[in-house]
């Protein structure tokens, strides 16, 4: 058993920030506003991006070498916002360097690799938190509280859908792990977060929006039924394009109450004319989950400051990945799949 | 080919009203407010109920004999609001007497019997309309208009759920045809009305609310995936009890827009206190679909007055029944079912 | 003291219906759907309108002579839906004939005449109800219940506005008593219904929409401050034209809670496209207060059936008229007006 | 005419931050997240507060001497978040030191003093922006855009109300300038921002909530009518306590459309149970205007970076103050007040 992890100064936690892409800029701006964080070093393969991040966070230095940043002696924690394919290696490097880790999801698109990292994480006992930002959105937080408090009674139904505003690029599609792993994974994570573990799934998918998905052996429209261990039934729907903006709705219904999390209004404005009224939808995840992106990082550093265990950790990410893989497998094999079938020995 | 049906006086259509139960009272009150209807006779096995109905409608007479009412010479049209098990025989009697028919759904719970009535209806050419009241709710009417006008583009997703406030009695459960035929049938009808025909369904169900459903070889909670002929994917969810009131939501999403039909507010009131706000849900179908129940009858008599063909007719009811039977069969056999498999030769 | 009024048959109250204009048709259709009403005779100066009303209500006969209808021996109650200028004379005739009366508001636009009728009503002890339909809208009913139950604590603020969709005709404007009496009177009545009596008002008005209002010595846009006897402060706003449909909102705020009555959605449909959502407003009072128009008549006949005193009666109408006149006088004299100043001796 | 003001490095504007109280902490955290800001020095009379602010902003140093901070050679702009009574002196010092200024409203509670500062600001030509954060809330921004684009047609009505959740302390009341200047000033500013200048006001007020307001020669509940120069009529309501949370609503109605800015939902969650639904209101201005507080500072530094003139400037603050004083005078003198009456020669 290693020495328990401890930050040197809970009021000024040293951070190495990796990856100043689109979401990276959001994350580093959020970091800059967190009182007990001090960004030591910002890394990006592109030196201009690294310097841009450094300036935002008033960090001591910028570098193009992620490993140099990770091993910096002043660094307590590593924040990873690089492309998905690099997550596992960077998490591993950080763990081997004894650092705490906050990382964008997923650990990896591959179950074997994810499992390996989870075991490494267990061995090190280091604090690691995954970027499931919806769990930190105030609406979902309140939903969880009500469920835990028993206000809904026994949970009987779960339903969620996600529609992304803009379909991704053809190149992204190819390396995304498919729509079940790339998009619905957020809803599968909410299913587990809000209701519990799932026994079995059954998925149907189709290519209705963009043939590039078909070309990439993927689908752009899908529906998945879920049978939870507690007997509840659920459904998760997905679409890769929405002409009306980001469209996310989650509902949990029980014996005595139900919660719906949906934010149709982007602003407080309603415009009325010609016998009707109008309002604005959110455009995409950065505006819809602005608070969630900020709060997940605040929670991580608050947890480090008090010496707790960050949540959701790698084990949560692993179970959510297994569920997403089960859904993908159900679609590709055309039959219901028990989540128990998805193991490191039968990972795809 | 018989003589085309024609009412004697489009401003005063003679009606025989059958069945003054709970919904019957609503229907006869609605009839009383329709300008071009004159209720001639009201029939109910219970003479007090028949007389009650007669008084509401200022009808000429009351009777306990439905066939006496149907064959009354002053009667142009028969309105049937009796128990489900009697529908088919009464529709048949009315058709054989040359009368137009408005009847509560379903024609029958049995596909063979339904098919037989549809063929009889085709042979007579008489106007018959089924009581799918949701199709006349102003929200659904507007949804249909927008879809037909192409405002949503190609339809890609359909989702609907229905939760009844109160579970039915054990006796009702036994003779209801099961929850797929008794409850989800409304959502299956909307699926066909708003999107089009369905190729295949896959259903899961469970008993979570009340063991009486299990005892009746039925389920009280269900989810069904739908694959439409046009490629769209859909889902229909069902629950037989809702602690928060009648809970109906329908959504159709296409390439350029989506419509949601949901009426969370029962009244125009919002009450704010203790950092929150509250409002009332509808209690059940009579209050939620008050307008639909009135408008479906108005539409029927308007159609009779101008000599048109009422919609939805028995053919629509037959196709919706086949879809509901497919869902029930999928649940009971534990496999996806093509709707084409459900025929009078393979009806259950 | 006269013999107490009593209907002959509470299950079949004989009615004379007067005035089959636009709202008259709505009222008579509603009457036709009330179980314990039997319309005996329908009167309108226009014989075709009278006959149209007779057919809707399946009444025994039609007439062009209102007094003939009122004095019909089978008539227990008179329902008045004629032009405003005829109300007082018809109410008087009905009272002198010993009949109960339901009448569209107002009794008269003139305070002296209204007061005379109130005194006549008091002398006869007959049941009379005025057509303030908002008091029967389920949202306002619930608001009143919450206030009476003390859920809002001490009432501190009242605010209301009404915007009519279509400005009235020039001829109507001239004989309407002005916008304060014709339109804001509904909000003044709600102020009294929900909060209590008003001590003082101060009004400003302007002609912004249509010069015909100015030509008619009236305004089309107004705002009035109210000082209630209990210390609460209020405001009533008015506009005679709304491009976006009927626009009515009422709010009562107290020490522990507030209620808002507003019905922005006409149907249960929301349409989403191009990063936004849309819904329909109500068009005008007939669709917004469809339930209120029906329920006010049901309540009247229910009250007659059980031998109670209808509410709101002529005394309520008188007090509301005084408040509206005070507001009009404040606008025309350019100073705050105490409601106590408005008396039959100083009526304009 | 002085040399035009110019920041040395638009990508790194040096800032002196004054006043790390409750709102000060919000402001400095927002500053820390703005890319082109570098906080040089943080000042607060309380050294611990100054140091706390320094740590949040990673500033070079902390001080208890505001003037030392203002005159720091690396400082381009001063951000003032100190108590109201100190604003004028600090603004003056900053202007005399040639610095740009962002300051919490108001300049002063006194018209003579405010006017003096406005003249000094005009003489220096330095960029100064006042903290009317509502003007930067995305809902109000969109409302302004629609109005400017002519989508509402000629503006005819304005209505606004504000209710603060918690009444202030007795000490605060005494030095607040009264509720018209301290609270309604935000709505008066919106009236000018969205509709235009006001000719005349008439106010009523009362003490209903807390006798401390009466003891402080103030009121806690008020209503004000506004007559705009363009003929539109308006109303502003105020309450110093709200049991149901922060309650702000603003409405502008014109010939062709209206806008409402109101944010009833704090989170995306709705909880349904017992035939109703519930949601959360915002608690107070920090959560309701979280975005506005951030965006007003971002806009200020963006304006400095490109060399523009910040808006709203001191002239706007002066006009809004005159309107608020007119309302207060109307209440205290019991008569309508023309805004033109409120001048430095007749300031109270």
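Note that the chains are named A, B, C and D in the order they appear, and that numbering of residues resets to 1 at the start of each chain.
The rule is simple: a residue touches a chain if its C-beta (ideal position, glycine included) is under 8 Å from a C-beta of that chain, and two chains touch if they have at least 3 such contacts.
Nothing here was measured: the structure is a model prediction, and the numbers come from that model.
Novice: Where centres are the averaged C-alpha coordinates, which chain has the largest centre distance to chain D?
Specialist: B
Novice: Check B-D, B-C or C-D against A-C and flag the pair whose interface repeats it, over half of the contact pairs matching by residue number.
Specialist: B-D
Novice: Just give me the whole-number Å value for how far the CA centre of chain A lies from that of chain B.
Specialist: Spacing between the chain centres: roughly 43 Å.
Novice: Let me have the rounded angstrom distance from the C-alpha centre of chain A over to the C-alpha centre of chain D, please.
Specialist: One centre to the other, that is 38 Å.
Novice: Tell me, which residues of chain D touch at least two other chains?
Specialist: Correct list: 243-244, 247, 256-258, 270, 272-273, 280.
Novice: So in the complex, which bits of chain D are touching chain B?
Specialist: 243-245, 247, 264, 270, 272-281, 283
Novice: Would you tell me which residues of chain B are touching chain C in their complex?
Specialist: Chain B residues touching chain C: 11-12, 29-30, 32-33, 35, 38, 55-56, 58, 137-140, 142-143, 146, 151, 256-263, 265-273, 280.
Novice: In their complex, what parts of chain D are in touch with chain C?
Specialist: Chain D reaches chain C through residues 153-154, 156-157, 159, 161, 163, 202, 204-206, 208-209, 221-223, 225, 227, 231-235, 237, 239, 241-244, 247, 253, 255-258.
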